[in-house]
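Residue numbering begins at 1 within each chain, and the chains themselves are lettered A, B, C, D, E and F in the order written.
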Amino acid sequence: MRILLVNPNMTGAMTDRMADIARTLVPTGTKIVPLTADRGFPYIASRAEAQIAGAIAYELIAEHADGADAAIIAAFGDPGLAGARELFDFPVVGMAEAAVMSAAMLGERFSIVTFSPVMRRWYEDAARDAGLTARFTGVRTPDTHTSDLENAQTALQEDLIALCRHAVEQDGADVVILGGAPLAGMADDIRQRVDAIVVDPISAATAQALALLSMTGRDSFGRRHAKPLAKAAEGLPAALTRTFARDKTP
Amino acid sequence: MRILLVNPNMTGAMTDRMADIARTLVPTGTKIVPLTADRGFPYIASRAEAQIAGAIAYELIAEHADGADAAIIAAFGDPGLAGARELFDFPVVGMAEAAVMSAAMLGERFSIVTFSPVMRRWYEDAARDAGLTARFTGVRTPDTHTSDLENAQTALQEDLIALCRHAVEQDGADVVILGGAPLAGMADDIRQRVDAIVVDPISAATAQALALLSMTGRDSFGRRHAKPLAKAAEGLPAALTRTFARDKTP
Amino acid sequence: MRILLVNPNMTGAMTDRMADIARTLVPTGTKIVPLTADRGFPYIASRAEAQIAGAIAYELIAEHADGADAAIIAAFGDPGLAGARELFDFPVVGMAEAAVMSAAMLGERFSIVTFSPVMRRWYEDAARDAGLTARFTGVRTPDTHTSDLENAQTALQEDLIALCRHAVEQDGADVVILGGAPLAGMADDIRQRVDAIVVDPISAATAQALALLSMTGRDSFGRRHAKPLAKAAEGLPAALTRTFARDKTP
Amino acid sequence: MRILLVNPNMTGAMTDRMADIARTLVPTGTKIVPLTADRGFPYIASRAEAQIAGAIAYELIAEHADGADAAIIAAFGDPGLAGARELFDFPVVGMAEAAVMSAAMLGERFSIVTFSPVMRRWYEDAARDAGLTARFTGVRTPDTHTSDLENAQTALQEDLIALCRHAVEQDGADVVILGGAPLAGMADDIRQRVDAIVVDPISAATAQALALLSMTGRDSFGRRHAKPLAKAAEGLPAALTRTFARDKTP
Amino acid sequence: MRILLVNPNMTGAMTDRMADIARTLVPTGTKIVPLTADRGFPYIASRAEAQIAGAIAYELIAEHADGADAAIIAAFGDPGLAGARELFDFPVVGMAEAAVMSAAMLGERFSIVTFSPVMRRWYEDAARDAGLTARFTGVRTPDTHTSDLENAQTALQEDLIALCRHAVEQDGADVVILGGAPLAGMADDIRQRVDAIVVDPISAATAQALALLSMTGRDSFGRRHAKPLAKAAEGLPAALTRTFARDKTP
Amino acid sequence: MRILLVNPNMTGAMTDRMADIARTLVPTGTKIVPLTADRGFPYIASRAEAQIAGAIAYELIAEHADGADAAIIAAFGDPGLAGARELFDFPVVGMAEAAVMSAAMLGERFSIVTFSPVMRRWYEDAARDAGLTARFTGVRTPDTHTSDLENAQTALQEDLIALCRHAVEQDGADVVILGGAPLAGMADDIRQRVDAIVVDPISAATAQALALLSMTGRDSFGRRHAKPLAKAAEGLPAALTRTFARDKTP
């Protein structure tokens, strides 16, 4: 089995870290294929950036779709998720959606903790768009934005633990999601120090990709009645053009 | 790993069939422990029955909680789910919730097809209670109730396929859930003949149990701040009384 | 007329206090029949406890259904309410639902004030589940849990008055519900000192039971088309088994 | 006790019929005071008419507020209800709100059946505005409008019974509300022939007025913190002007 | 073109100020016809007042409907809006609805800032009733009520700027609506000092009236299938009576 | 004034037709600048296509942003709308959002009629995403898809009129939106033959662009506190890269 792990951001180190985490969750023989955007943004933090990055993600997926069994869109706001699900003939998982859906199955109330106030409204929308408003206790962030994302994990760890505790003690969360790719991998340490179930979104996305694969038959995806009509695209990369044309010639 | 598969109905044959399906999904070394209600109802079909059956499910889980890693409540309306999640220190998965959450990650719109009009409103509530109303295209059922659940699979297969096709072609579903334990195991055949992604709820529940286990640390569950206070129950079975008392003495 | 007042908690003194309040509201000739759970929990404070207590409530109602005209489930989270309404052939009223529905008819905005932060989320859900989120201004509670429920009324009176005033002045409530059986009977004093309409849930439930009885014909309940199918239960108390079987033999 | 039964329509015969029904529900010593609009419309059937009729209702209530204990706005769309609740220092009940709130306490799902397609959207809004969309199964009406409201009861009885049965058998209603003042009093006959709980809105409103009165203290209403500021109105009838001015001089 | 600017309040100076603002937005040849309530209230601040003022607004519109192309109901809570839309055969715009709909097209999140805590809940309802709850970040007001509305603009300017900044920096608003007729015209100054898009509701209402006129054909309004049936009103002013009767005789 | 009319589809004839309609609505001196996607799809009909087309729209807007006062995204599903609003310092209007918001200000209930069943779910989502579900009566389409969009207007006119009448008479719509760029310009004829207010989305979008411009000050847009942080994009066209960098150098 091959699962594409598509980072619509350009930061390859972040892709690698996420791929390493994903590999700890998949069974032997399942291959995680890390893909990083080759243009766009170092780190997506707005809907405008996500619009572009989502389109780039389609190019990456289309290029590697042959032989792939699933794809993970590995950025917390799930750029391009709904369209990718229409377009490709295998499960596509979003990090934010996977995290909030999983959180809702792990406890009654969940919070999102993240690294910057800049992300707040987009992450609020992730819970709302999943339909889980009634069980969402909000986003907790530091008061100010940190531009040094590379060192966010060390610089912010104590702050994030404090925010998780606020989410639990003041907001009543059973589950805390550590939102945003820059926090990938911090859950293992943080969950030792917080009295809640702590969810790492890339782990949630990987686990959901495996779950969706194991409960469905691969060939149903290609036969979906609701699939968009075949389209002749122009000016797009060849693999993506073939995908829209439903041309299966390799 | 041990996953309790708790059938709050009394029909052992149904438990066995669901356990067999679950076993096809779990990795080697993971044990499915089938448990069947020893009192209550042959098949739950109302909220009153679910109230009682949910309480019985707690007894079964408590009795086998020692050494267990997760529990599946294996009846489509998820009797007792919210309480079980508070009470036990491991993930608890409901068949209906797991199916609708998975369906929402597999496609944009989903339907539920089931074997009797009697189940319609309860199943409608399953989608609503999960927060997924906006993506739910409704429940399709035969016009009349079949009391012969044992032979439902053979008697109803053609009807169910026709209902699935209505769900897809008229209601616009990408994903169809075959709701209700009596239909467990039919998805493999039906998905060959329906142009949609077909979800079998016990498969969805098993896959979600594995997913939730793989993304969390077991000991977080016991430390949850939001866990109910310890309680001295009276007149309940010993294991369940110990569970409410948070008494870990085996 | 006979109205069953079913306390799914085991605390008989609480049942007696609530029955005394109910008796002040019913006309001469209407009998309040107090029933107290003989197993389960001294005081329900979680969904897990409510799952079990609701099932016990059905046993109590079934045992006394003969000759009864209505039942009140006398615990604020309404354990077992939806199922009881399906099962029994007379009106069944829940304390929380009766209180929030009444509050919404008494004013535009309402709050719930209760005795412990432990109850917060369950009580929030009571307003949400009734569909009244848009008119609900939230739950106010003391910061810490009081385990001494017996003396809650004297110990907490001043705190509760302060919380009611916050609900009115800061949250904009027209109506304040004193939620939770331990506060039953406090409304008379508190309403003298708070500039709002104060609702006592057991009074609301009793008044609603009388209201529902006076506007319906008793025999319609037995003829409901949507009533669950008759079921052969096993291992349940005789009266409850007869109820599920729709066996009217006394 | 005095309860004002305010018909914002000009049809006195309708007021009398509703007052007769209300009188069968109130205890000895409680007086129903029927009031009929002296200008406006024979029968309100739109929001524009309701805007005007609601303002007229305030004049009637203000004129008779002295010594009154509650008021019922006796037209199904509840003209002026929210404002009346702010303005007057006693409970004000609306026929539609009382009916839908009561229906939701009597069963899980409810429908409204009425006499004309013209009323459909207003009545749909009654359920939505009460927050009860999730439990509402819709409005059923004859296909064409009957202008002869006086004889509606005899002319339409069979049609209405058929509509009630559709609401029950096809829409899944447990409870059917016979919406609209022209149908007042038909419930007694119709409920013998329909397998559902049938609610007569004027009975529901009367029962709710009694319920709200019995659970509150009259003097709380005048002390409400959220009451609008006193206002100097101009050009309105004297009693209503005094009401807005909070002038208690009789 | 003639646009009626109907102030359902009695304060003519406020009407004049709003008409002056409206005139700056309309093209040459479009006439703004200011109309002020001749009875009722100096300034509407509650639903009861709005019920009456809305009915008075209909009289004003009906009196001047001949030759009119649109009407603006120039009070922030939109008294009588839904009914006016049914009744008159041209577009009717409400200040609150126009402001919140425009705000939602100008940015992702919007707040309302107003002059008194008394208006809070009515203004909250304006966002909710428009369906825009998910994008509404709340109402900000001074802590105390100012009765001197005439001088509100000078007295409150600094306070309002501070409230706007809170709405932007703490609540995350992209757009701030200056709610309430007493603040009409302040937006020009305030927007220089606040880092957000600032909406003046009378400007929004005027702009929306022009927009709706330019995109529709005038004669469609009279042909609407969903228009209420013609009605014989009694005791209402002649022009309004003719409007309800659909009598086009001038 | 310059308003960019951005067609994210590649069909220039469609852009020209929409630009012609827009020009009939703008005052003398306001220039409509038609822009057509130079790659992508002839006609967008799915979310995947919209993801890509929205990103292309940003390139077109960025290229022409200098001196522009507003932009219209001229495709019914509003590809890229939310992001464009963040990114550019002037109003950005979407055809679908403008149409549904306008429809909700023109009447109580609205429908969308379009040319193909393929568009149904996307157009349903347009009403839902705007928050207007409660006033939306659904999408009506022909039963089968027409691939010949160029001749859709002549081939489908009678069908569309019939669908509009169904929307009005059976679904209760006051307002009908003719959704989808291929229908642009048909409203003038259709509204003569349908008893409803008929909305042409490109007219609605143009009218809303003018409305939003007239009620706001241009320089507020650049000062928005909630604007995303400046970003260094890589591999994107120069103008768009400068936009993300907030580099105002022409």
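In the analysis below, a residue touches a chain if its C-beta (ideal position, glycine included) is under 8 Å from a C-beta of that chain, and two chains touch if they have at least 3 such contacts.
Remember, predicted model here, so these are calculated numbers, not experimental data.
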Inquiry  = Taking touch as defined above, what minimum step count separates subunit C and subunit F?
reply    = 2
Ask   = Among the chain pairs C-E, E-F or A-F, which one reproduces the interface of C-D, with more than half of its contact pairs identical by residue number?
value = E-F
Task = Name the chain whose C-alpha centroid is most distant from the C-alpha centroid of subunit F.
result = C
Ask   = Which whole number of Å gives the spacing of the CA centres of subunit A and subunit B?
value = 26
Key: Centre distance in Å when subunit B and subunit D are each reduced to the mean of their C-alpha atoms   = 43
Remark   = Flagged in subunit D as touching 2+ other chains are 82, 86, 108-109, 121, 134, 172, 226
Ask   = Chain contact graph: line, ring, star, complete or other?
value = other
Ask   = Pairs of chains that touch, anyone?
value = A-B, A-C, A-E, A-F, B-C, B-D, B-F, C-D, C-E, D-E, D-F, E-F
Message = Under the definition above, what is the set of subunit A residues touching subunit B in their complex?
response = 25, 27, 82, 85-86, 91, 93, 97-98, 101-102, 104-109, 130-135, 168-169, 172-174, 188, 191, 195-200, 203-204, 206-208, 210-212, 214-217, 220-221, 223-226
Key: Contact footprint of subunit D on subunit F as seen in their complex   = 108-109, 134, 172
Note = In the complex, subunit D touches subunit F at residues 120-121, 128
Contact footprint of subunit B on subunit C as seen in their complex = 10, 38-42, 45-52, 54-55, 58, 80, 82-84, 86-87, 118, 121, 145, 226, 228-229, 231-236, 244
